[in-house]
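These are the structures, in structure tokens.
Look for subunit A in each of the two complexes below; its partner is subunit B in the first and subunit C in the second.
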Partner chain A sequence: MTNFLDTLSLLVLLTAFILIANKRIKSYIRTFRLQSLFIAIGAGIIGLESFAQEGRFDALILSVIMIILKVIYIPNLLDNTYAHVDHTVEKDFFLNIPILIFISFLLFLFSYFSFSSIEGLHEGKVNLQMINLVSVVLIGLFFMITRKKAIGQIVGFLVLENGLFATAMFVTQGMPFIVDLGIFIDLLTGVLIMGLMVFKINEKFDSIDINKMKNLRG
Partner chain B sequence: MGLFLLMIPLITVLLALVIKNRRLLHGLSLFTSALLFMVAIGLTKKILLWGQINEPTWNGFFYVDALSIIVLDIVIILGFLVSIYSVGYLEEDVRQGKIDEKRIRLYYILLYAFIFTMILSLTVKNIGIMWVAIEATTLASVFLVGFYNTKKALEAAWKYVIICSVGISLAFLGIIFLHLSSLGVLGKEQFLDWTALFAQAEALKSPLLRLSFLFILVGFGTKAGLAPMHTWLPGAHSQAPSPISALLSGVLLNSAMYGIMRSVAIVNKNLAGSTFTGNLLIAAGLLSIGIAAVVIISQKEYKNLLAYSSIEHMGIIAFSLGLFTPASIFGALLHMINHSLTKSMLFFATGNILHTYHTGRISKIKGILKRMPVSGTAFLLGLFAIAGTPPFSIFASEVNVIAAVFLNGRFIIGAIFAFLLAVIFAGIVFNMLPMFYGESADEEIPVQKNNLLGTGAILLLLILILITGFYLPNDLKELIYSAQRIMMGE
Partner chain C sequence: MGNFIYFTIQIMMIVLLAPLVNGIIKKIKALTQKRTGAPILQMYFDLYKLLKKSVVISQTSSWIYHVTPYLVFATALAAALLVPVSTMVTPTSFPGDGIMLIYIFVLTRFFIMLAGLDTGSTFGGMGSSREGMISSLIEPSMLISLFTIGLISKSTSIYQMMSTAKLLEIPLVQPVYLMIFIALLVIIIAETSRIPVDDPATHLELTMVHEAMMLEYSGRHLALMELGAVIKQLVLITLLANVFLPHDQLIHLTGMGALILSLLFYIIKVILLAVLIALIEVNTVKLRLFSVPNLAALSFILSFLGFINYFLLGR
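== the complex of A and B ==
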């Protein structure tokens, strides 16, 4: 069981690295879909176990919601949005890809060293899932600040949220169910709102390049 | 009774979805906020009587005590005043062609969704649901920030939604650690429960709790506008319609600060001292005040100046929370109330100024006192109040905080704090006074009498902050004292 989840958390981390190496918005969305699938599988495994042991359904339900929302609905929505706004293909990132991967690796090392020294987090051995998944959060954050397009930021935000959700799911094995549901509702409205705003930005600024938004001065 | 508080704004949102007539919409909004106001009075009385309300429905989901009722009352009172002010403001906007008549409906729908999420975040016992509600406040208010649909407004809204969502996500990481630290201590039905966490605080795992507080401070601090996570705030506050700016400054920042307060109480009880949280909060507070001071001196737009002043006042609250003595907590809570009332009054006044002068630049405005005697005078007095001049209430609470620092023996920090406040005072006076005197450049524009009701709300607030500068009602004092006891764990 723990081995399974360790492996899955590693796969989730791997998808975060793939994401940071991606060049095209289409492939961001595809990678996000894959990552969500891994997390949904993890939630499914936890759900099956808790169902077998205690007869609880909640993790299974979460796994299903995850598949419907994050593997199917949101990626399709983003694909759709992108199809409607994009006109030109241009370089989307500030630093080149090897540097991006290198920095992400440093982020992973950072979370490894900071989390393996915290007492109370581990009983006996280092909590690998925690380290992997918090790295996903950090890489998601890093992804957001390195991309120029609004959709890149949305995907970064989603990956960050994925990392958080997976941490909550894998490591604690069960936040209160209503909290998880609330997070999904927030996430869905959040993505809908951001998607709508991408259209508006495209309309007003004639592109979805965040760099053009420099009118506000403090 | 308490659940009404959550039902009323929800029903209003649903009704506003159906109603098309704009007179009816204004009426609905006034009626709802008055109703909320009445329920809140009842609730406050009960809290004074019993100390807390914990309704058994849905596993004790609804929970209010003295600490939350203070913030909740601010939400509802300001909500009431905003609904009064909005009527005239929106009508004037429509008359000047800034917005389409149909958007009034959207405004009210979003406004009450916003108020609903804020009430929800303050009336739940579960910190996870509180997180969900605070994230929802961002989502409900994005389109209010970007209401005018200009390039700048859109940019402000985008920054707002991205920075706040990311920041608040980090708070969720903190909540996960909080949850981890309580595993094995709390029972399953008590997970993430404020009261249970606080009651069992000594048994929680300290290293995890420290980690959790770091993330919670960054996360809720983003939403509360603490530096260096404040970057969304000036844009959002200056681009939003004035009544919304009043709500953002007066209410939203407080709700996030409330989350920090609760976790400070838990962490301090666990660590049996306030050094850890204190140092962090004092640093964040001083940094916020310092950044605000630097920007306010060189500010060119009045709404921006007010936004930075909100950062300053959140800094003051964080600062005095960090001291964590009874006197400083009293000061922090009182300052929260005073800042909300004063700042929302100022934002209301800027709404009137904006409608008369059509510009946000300080340098383009002259002779406010002549053109708009009533709201101009109120604005002038309000500026002195927000800068901390006696006899207004902000002066009273700032003196409280300063006294608490020096009584605590932290002379250097106290001196820096007082110096920064003086700089800000000078900055506000120096920048803003030229607006009031002199001759306005385009005299031919007639003096407008816009928003009579709204001006009434401004005057009401002015009187309130003037009176509370001298005199605090006993009930209010009692509430603050019991909130203080809740935080100190006595």
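== the complex of A and C ==
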């Protein structure tokens, strides 16, 4: 079973890499949906296991909430937001895509070396899932600071949060139920507000490029 | 003696099956576009027609242009000998045939590129330069993928890689194998000039890479070049099928019956992978030439992730 979770965590990392290699907003949202689906499957497996062993079913509920919220609701919301603002391919990055991929890989290596230097975390073997998922958090942050469009930054924030949730889920077999639920509700309101902000930015500046926000108008 | 007969069967099978795999991919593409499409066996008819026709050669061309079609076909056959079709029989496994396989392909490509430059046509040189760029981008990830599987099986022999993968229950669920599988899939798409990298169906100046170098060939030379290309494609698919989806643990027979059953399983797996490749080709669009480095970087990083995960897990 741990082998299967290893593979799932690696798939989540893979979607993070695919995300950073993308330049179309539509496929950002699609990749985010795929990543959330993988995490929901992982949470479902952990939930089934804990239900069979201890009779707890909070991880199962979390998996269902994850599917409703992050696989269906938030991507649809972002799609709607995107349909109402101007359509352009994101052309100019701060760096080109192969360098972005390479830096993300360096982030993965960084988390590998930093985790293998912590004593007491592992018994002779480094925890693969922890490394993969913490590097998802780092790559989400990196994605957020390399994109100029506001929707890209929202997706970066969501991936960062996905990484945090998956780390807590996979490594510790689930935080207390109330904590996870609180994070989800927080996230939902955050994304709702950000979606409204994108509308407002588009209305004010005729574009969602954040570089144009330097000359603020009243 | 038994081995000799087996090798003859293997070579015959790969040469005879290769156009069929191409036909299946083309048929699926046609069906998804709501066309009827050419019959699955169309490539055999084309090859038969081309083999009957005479050859037209540019007067300015040198010996390289005359040698290339035969060399392409011969290297494709050599590559077909290195990859065992069924893991039931031990092939000629001398150390280093994974590396040998890669460099046999590189030799083929080197001569195709030289011949593209040789006749002095405008398209040939353009195709050669693009092919050189793509191949240099793809080669590192192919080497790292094969080396990682080689590290797991502690040998670079392809037969050894296949028999090590056979011992695992389902290799594709292992993290290392999964990453390498996806990386190799991208590599195969780039190597066999499929759609995200190169469009095999058009003769448009903007999009063609492999076709641009083939424009000058005619008659039996063209037939040999096309057959060589599809054999190369089938050899790569065979590598993918037998390393990542080994089927020998399903067979509980010995002797001749097991061999025949194993070959049947092999054909089923090849058709499955051909369908997968066709679906990828249908669902993507042709990339700009300058976006190919992004794909290559992704494939390189995937194989590297597999490599690092091998060190983490130790298997």
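Here, the second predicted complex is superposed on the first by the 209 of 218 C-alpha atoms of A that agree within 3 Å, B and C clash if a C-alpha of one lies under 4 Å from a C-alpha of the other, contacts with A are read in each partner's own complex, and residues count from 1 in each chain.
In this section, contacts are C-beta pairs under 8 Å (C-beta built on N, C-alpha and C of every residue); 3 or more make two chains touch, one makes a residue touch a chain.
Everything numeric in this text was worked out from a predicted model, so none of it was measured.
Peer 1: Should subunit B and subunit C be called a clash or a fit once both complexes are overlaid on subunit A?
Peer 2: fit
Peer 1: Which partner, subunit B or subunit C, is in contact with more residues of subunit A?
Peer 2: Ranking subunit B and subunit C by residues of subunit A touched puts B first.
Peer 1: Once the shared chain is lined up, is A:K200 touching subunit B (first), subunit C (second), both, or neither of them?
Peer 2: first
Peer 1: Please state, to the nearest 10 degrees, the angle that the Cα centres of subunit B and subunit C subtend at the Cα centre of subunit A after superposition.
Peer 2: The angle comes out at 160 degrees.
Peer 1: Examine A:L109 and indicate which partner it touches, taking first as subunit B and second as subunit C; both and neither are also allowed.
Peer 2: A:L109: touches subunit C, not subunit B.
Peer 1: For A:D186, using the defined touch cut-off, is the partner it touches subunit B, subunit C, both, or neither? Pick first, second, both or neither.
Peer 2: After superposition on chain A, A:D186 lies in contact with subunit B alone.
Peer 1: Using the superposition on chain A described above, determine whether A:G44 touches subunit B (first), subunit C (second), both, or neither.
Peer 2: Touch status of A:G44: no partner.
Peer 1: Give one of first, second, both or neither to describe whether A:L128 is in contact with subunit B, with subunit C, with both, or with none.
Peer 2: So A:L128 only meets subunit C here.
Peer 1: After the two structures are laid over each other on chain A, how near do the C-alpha atoms of subunit B and subunit C get, in Å?
Peer 2: So the smallest C-alpha gap separating subunit B from subunit C comes to 20 Å.
Peer 1: What part of subunit A is in contact with subunit C in the complex they form?
Peer 2: For subunit A paired with subunit C, touching residues are 3-4, 6-7, 10-11, 13-14, 17-18, 21, 97-98, 101-102, 104-105, 108-109, 112, 125-126, 128, 131.
Peer 1: Help me check something: in the complex, which residues belonging to subunit B touch subunit A?
Peer 2: The touching residues are 126, 128-129, 131-133, 135-136, 139, 142-143, 146, 149, 151-152, 154-159, 161-162, 165-166, 169, 172-173, 176, 179-181, 183, 191-192, 205-208, 211, 234-235, 239, 295, 304, 308.
Peer 1: Write out the stretch or stretches of subunit C touching subunit A in their complex.
Peer 2: For this pair, the touching residues of subunit C are 173-175, 178-179, 182, 293-298, 301-302, 304-305, 308-309, 312-314.
Peer 1: For subunit A, which residues count as touching subunit B in their complex?
Peer 2: Against subunit B, subunit A makes touches at 118-121, 134, 137, 141, 144, 150, 153, 157, 160-161, 164, 167-168, 171-172, 175-176, 178-179, 182-183, 185-186, 189-190, 193-194, 197, 200-201, 204-205, 210, 213, 215-216, 218.
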